[in-house]
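Order of writing sets the labels: A, B, C, D, E and F. Residues in every chain begin at 1.
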Amino acid sequence: MTQTASRYRFLLIHAFSLPSTSPYLHRPIEGPKEARLPNHELVKPVLEGIEWDLHPGPQAPYGDWAVENREEFALVAAGRLPIVKEACASGKYNAIVLLGGGEPGFMESREIARAFGIPVTACAFSQMHIACMLGNKFSIIDLAESHNMYYYNLVIQHRFDHRCASIRNVHIPFMRPGHESALTPQGERQKALRGERSEMVERALREAVCAIEEDGAEVLTFGCSATFWLKPFVEKRLAEIGWEIPVLEGYSSAIALAKMMVDLGVSASGLTFPGDRPKQWRRKKTF
Amino acid sequence: MTQTASRYRFLLIHAFSLPSTSPYLHRPIEGPKEARLPNHELVKPVLEGIEWDLHPGPQAPYGDWAVENREEFALVAAGRLPIVKEACASGKYNAIVLLGGGEPGFMESREIARAFGIPVTACAFSQMHIACMLGNKFSIIDLAESHNMYYYNLVIQHRFDHRCASIRNVHIPFMRPGHESALTPQGERQKALRGERSEMVERALREAVCAIEEDGAEVLTFGCSATFWLKPFVEKRLAEIGWEIPVLEGYSSAIALAKMMVDLGVSASGLTFPGDRPKQWRRKKTF
Amino acid sequence: MTQTASRYRFLLIHAFSLPSTSPYLHRPIEGPKEARLPNHELVKPVLEGIEWDLHPGPQAPYGDWAVENREEFALVAAGRLPIVKEACASGKYNAIVLLGGGEPGFMESREIARAFGIPVTACAFSQMHIACMLGNKFSIIDLAESHNMYYYNLVIQHRFDHRCASIRNVHIPFMRPGHESALTPQGERQKALRGERSEMVERALREAVCAIEEDGAEVLTFGCSATFWLKPFVEKRLAEIGWEIPVLEGYSSAIALAKMMVDLGVSASGLTFPGDRPKQWRRKKTF
Amino acid sequence: MTQTASRYRFLLIHAFSLPSTSPYLHRPIEGPKEARLPNHELVKPVLEGIEWDLHPGPQAPYGDWAVENREEFALVAAGRLPIVKEACASGKYNAIVLLGGGEPGFMESREIARAFGIPVTACAFSQMHIACMLGNKFSIIDLAESHNMYYYNLVIQHRFDHRCASIRNVHIPFMRPGHESALTPQGERQKALRGERSEMVERALREAVCAIEEDGAEVLTFGCSATFWLKPFVEKRLAEIGWEIPVLEGYSSAIALAKMMVDLGVSASGLTFPGDRPKQWRRKKTF
Amino acid sequence: MTQTASRYRFLLIHAFSLPSTSPYLHRPIEGPKEARLPNHELVKPVLEGIEWDLHPGPQAPYGDWAVENREEFALVAAGRLPIVKEACASGKYNAIVLLGGGEPGFMESREIARAFGIPVTACAFSQMHIACMLGNKFSIIDLAESHNMYYYNLVIQHRFDHRCASIRNVHIPFMRPGHESALTPQGERQKALRGERSEMVERALREAVCAIEEDGAEVLTFGCSATFWLKPFVEKRLAEIGWEIPVLEGYSSAIALAKMMVDLGVSASGLTFPGDRPKQWRRKKTF
Amino acid sequence: MTQTASRYRFLLIHAFSLPSTSPYLHRPIEGPKEARLPNHELVKPVLEGIEWDLHPGPQAPYGDWAVENREEFALVAAGRLPIVKEACASGKYNAIVLLGGGEPGFMESREIARAFGIPVTACAFSQMHIACMLGNKFSIIDLAESHNMYYYNLVIQHRFDHRCASIRNVHIPFMRPGHESALTPQGERQKALRGERSEMVERALREAVCAIEEDGAEVLTFGCSATFWLKPFVEKRLAEIGWEIPVLEGYSSAIALAKMMVDLGVSASGLTFPGDRPKQWRRKKTF
């Protein structure tokens, strides 16, 4: 419908893409956008009424496996910026949603997009902000040691170290050369969707309960986007044993936050993300 | 429109009402809901697509003047809770928006509404959370000494003391018995809307600039709802002198946040706002 | 004795009262004031030399059971304020002590009483402040999930989140309609006073030891006033197993703190609790 | 009077003494104890009902001038400990009050005295704790640059860095060899008591107003004990210009706090100040 | 000398290089390494005894002007990582020093180098850590609004927000297309070295004094490496007016810190910068 | 060698010495300096190229056993200051390294030495600062309950409470009168050096693993200098089970830090450690 369409026009950008020949492909790279958006069923309600495009993200320059460590994140971050810049300049979108749990290039994208008055949201940022609206402390369920510690820095950068109860690791990383495994995030997702027992769901549940009982988590979030599919499974299992705890995931959080920013007509502060030669400048900044 | 209508069904509740005979009436108490919602012009865009009702709030039990100090806030907070309870039980709404800058009864309303799965937002909470998405630090522009210090406690309770650069006081309080004044928030608003010079706008601008240059504010918010009308005036004036700073106000912030919570299907954590005898309980809580 | 009498003239105010017909009566409502002051034996030494009256507090407006959740606290808070106001205006007292672990109406009462130069103390505030004089961190032993989380907000409001090691829950709440139980705080107290095994003492001891060994507590305090009777039992048991840890309870803490404030001639800062139109006001407040 | 006498039996210990031949004598060293207690008129009301002795403190080992820098504080701290030890062992006292603004030897004295169940209070500790009961932030008015920075460490050690708005320096230090001056704390006090204009009062007032208006102080305290006499002068002057702010000083604060500890039967946590081989010990300590 | 040579073998890597045809060349790109290391005279003493090579850094991919904003930093960060990787793999170096005030790629470089047991230091990190050894708070003198706010994030990421008094801006940015100026960091440096009046020195001095007197700085550091040359000028001028304050600059700080890490045989924690599949992993991480 | 000799000329000062007749002698008191420096083998590499002398420290004035509690630390702190003063005045040294885990007299020594432009480092300070360069959080392995809590105050004073994961106690204190034991730090060291099983190594390992897995430590440090010998044993054992965690010890940390300060020509800020009558002084200090 025309009116709604003009209200929210979003570009969703993946963190990175792998070549079609990669043995480590972690998501469908063909088909309609809905098929190329992992866990589309989870975010469908939030996407309702939004006109959206999906960009595959920059191709990973370091190899054909998924991003996990700081080095890989920095490389795809750099690759993402021209995409954001072009999207802003195109005039087609009024918000940009960075997919990918580790939000490579998020701060830089906000700097770029603010000059256009366009909000940018991302999955870690959005989950953390929303989690702190719902409870005193939140925990993060994540999948790999190196990714945990990269994410640790995001928690600090977004200034949630006093509200983050813990990062919990289910230790089911992506495969990468030399690290093949029968246990993968994608495989576990398939099992769970088929109604089979999934070790990843079990571990996530175990870590969730520890996060609640030991770490003080009152809200749960996820780290790497390859864990986002766990949301309904963990939520349901926790509810069954009596824990009335909100469980967020990154895609819907980032999309909903972008909607809110569009509703309010805000993107980011020009003092926080100044242009190169702003009209006004401040002699001092304090913390 | 049917579809949109069913998505967001909000009850907006004023903090308190004054008897129609009050010499200190601070807002219209008759006419269509739009007329009884101060600064409707500001929030109209955000309200678009929302089915909403407006409740006048409890009548102030302490007298016929506006709420400003802690005692008065506590009294109207108590009066607001039955209204929230009834609204939740009515099944008519999927979110409740507490109007009023000082959000009396907010935490209690969340406790009540969570059991119904209904989100409650309020103006201080919403502005602060959104401000911290846009910049490192925010300041609050407010109107009375007693209200400032009541609000100070809200900043602490919502855990934004490390992000709040300052509360700035324009010192134009409401009138109350024994404290008549030619300078009132409502009168200043009228002047500004007529395009006349408003002392309140000038003071707000002065405090805003000091907040930016001295206190480190990167986003501006407002305290008492009687200051919310200042938003476009302050924003425009700051932009004219080159400060590219987002200026929020409480009503649209609270409404937009409520939309977001409805979009995500969240209200509040059951661990943070537990029922009386929850199925699960925690042996310890940490900070 | 005349001299002492004139030095400390206190009004102790219960948090709320229940109708005499209530099946959930939680304390004696008849007899001399000593009988109507729970655990009088514990506070008698501190009360020595103090002229005191005891007010039953406002009658609970929501029902005939004890306060536990945020809603109930807000309602009795509102009811307490006129009592405080009248007591201040009476000229009979030079300090007001708010009984009740959750200190409903404390901040508002301080605002009211400061204008009279009268200090107001309350049980959470007093225990926390004193605990931090004695050790690095303290824990709180409390009795119900909803009360814990209400109390959590008090810890934050009083700014002790960095000093509070934990809130520990013995999970023996008051009875309320639909939640009858053989295990009640009052019943457990009777058992303990009779020298019988009390499950509540055992649980409190278990939580106390965990607070010490796991959470880092170096001082112990109590939450709901219905746990205050545990103090000598927990203290003694801990001492027997070798833990030399101070155990505070709310009544004596609040009374002793009120004495100290009277001794020093202080009540509260007029900048923190300003009157409605103070002679001086501040352009900015910082955190 | 017998009854009162047995309740509070205090030893007040000066931070240090100077030889009677010193040209820098900073307080009377002869006469009744009241004459040897500076500003006795200020603390007399708090001392009422207390049996007290006054110890001159250790003689300064480094020279014949007053303590100001860290080195001098460390030396007199060492000298004070045997005095505290002997006082505890004597059985004559149930509280020890360390006079002297910089409280040399305070933590060590608490360690010593706790084994005897005897509370020790001191002037910095007491003022800071009490100040935080009265307002959100406090400032410290002090007299010398080196003393300021020594005191800065006390603020951190007592964990009040988030509550201390500022240390303000009137820059009127003690005289010491090579640093003679017409302007001395003692001389200024005499002028003020005689009703003459005192530069020290004027500077303290100026710094107090800046502390209130710029730094956010809501309570005022003093640093070096040679500034304590300023309390009534600063308080009165501030009240005259409309600032309703509590002004504390160290002696009465420390004495009142000691009374409170005696009332409650507490001294310090045995976990915070453990004996050499405590019965129980903790595997871990956290912050 | 052989022995010394083998002890410290460092590679210094510039943040980025510009093409020789750039009109915005900001440092010599020819000649011996000493000539290509800006302010070599400042760091010469610290370099004594170190075998070092100098790498020009990656060529800026976005244009031919100097890095200032977040986007530009992200792009050169990505370019720097292969250089670090190759240097580590070469076996020629036992430490890597990242030149450039904004330390692009620092965290990623540490991740890469830790696997080789090689420490990496950088200019912001090193100055901040060393500053906090010397005083309670430090300020940063920097040159451009966008760079300030990029640097702001570094302060947070390195967790110095509670120790950083302020970022002070002299507002003399690099030239870039469309922003030509007669006032440049390099030009000012030449003036100062020739003994002429330099506006940049004057502004830096003004900001330094404000940082000391208003913000509470007790140590001074610099932001962008184009301000490092100011160190001796600011230090001398401050000393002349009596401020005994240490002034650090990034190159010598980073080199000295690298030496210290080599001396101790440490690089970074393997838990903080884990490899892709570490032998041990942690179920939870806390803040 | 002449050149090196002139670069680093250090005096290492023990915390205290015991009389040769003491039954509790904790280190060799005769022989060459290398023999009198415990764990010389550990620090030898760091000492390379440094000209150093070793001072035995002040003789313990309280008895003939090792320092452990606050009182004993205060007494030897006072005894250390004249040694530091004399060393500074001698002109022989360009840095002073305070041995002893609890660094008695450290702050005072810095005050004294700064006037001479001489850096002073100590073992707690140095380990904590370096640990925070290597990882997010560190733990401290220590040996006695009283020492733990004294050390707790050092962590706070050096402002590392947010970075210190825990103090872990192996509970093998020194012997002292009335507390003889078969298990001593020195005896355990001998066993470990002989390749025998050492209970102290086992306990340290157990606490180290708990610090890593439960407390969040990413770097390990030691408390009392009598635990420093554990470094290589703990490090090796942890590495064997796969924990790639840096383990620091105090002597080498303090020496390496002193070298770094000499390299940079810094000692301490004159604003933090002002002289008695500095040329400039600040009206306010903030936190």
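To be clear about the criterion, contacts are C-beta pairs under 8 Å (C-beta built on N, C-alpha and C of every residue); 3 or more make two chains touch, one makes a residue touch a chain.
It should be emphasised that the depicted structure is a prediction, and the values quoted were computed from it without experimental measurement.
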### Query
Most remote chain relative to subunit A, going by C-alpha centroids?
D
### Message
Suppose chain centres are the mean of their C-alpha atoms. Which chain sits farthest from subunit C?
### Response
E
#### Entry: Geometric centre distance via CA averages, subunit D-subunit B, whole Å
45
### Query
What whole-number Å value describes the gap between the mean CA coordinates of subunit E and subunit F?
30
### Task
Would you mind pulling out the distance in Å between where the CA atoms of subunit C average out and where those of subunit E do?
54
### Summary
Going by residue number, subunit F touches two or more other chains at 136, 152, 159, 162, 165, 215, 271-272, 274-275, 278, 282-287
### Message
For a test of understanding, state which residues of subunit C touch subunit B in their complex under the given definition.
### Response
68-71, 73-75, 77-79, 81, 85, 105, 107-108, 111-112, 144-146, 148-149, 152-153, 155-157, 159, 161-162, 164-169, 171, 173, 176, 179, 207, 210-211, 215, 271-278, 281-287
#### Entry: subunit E - residues contacting subunit F, complex
45-46, 125, 129-130, 132-137, 159, 162-163, 165, 212-213, 215-216, 218-219, 241-246, 248, 252-253, 256-257, 259-261, 263-272, 274-275, 278-280, 282-287
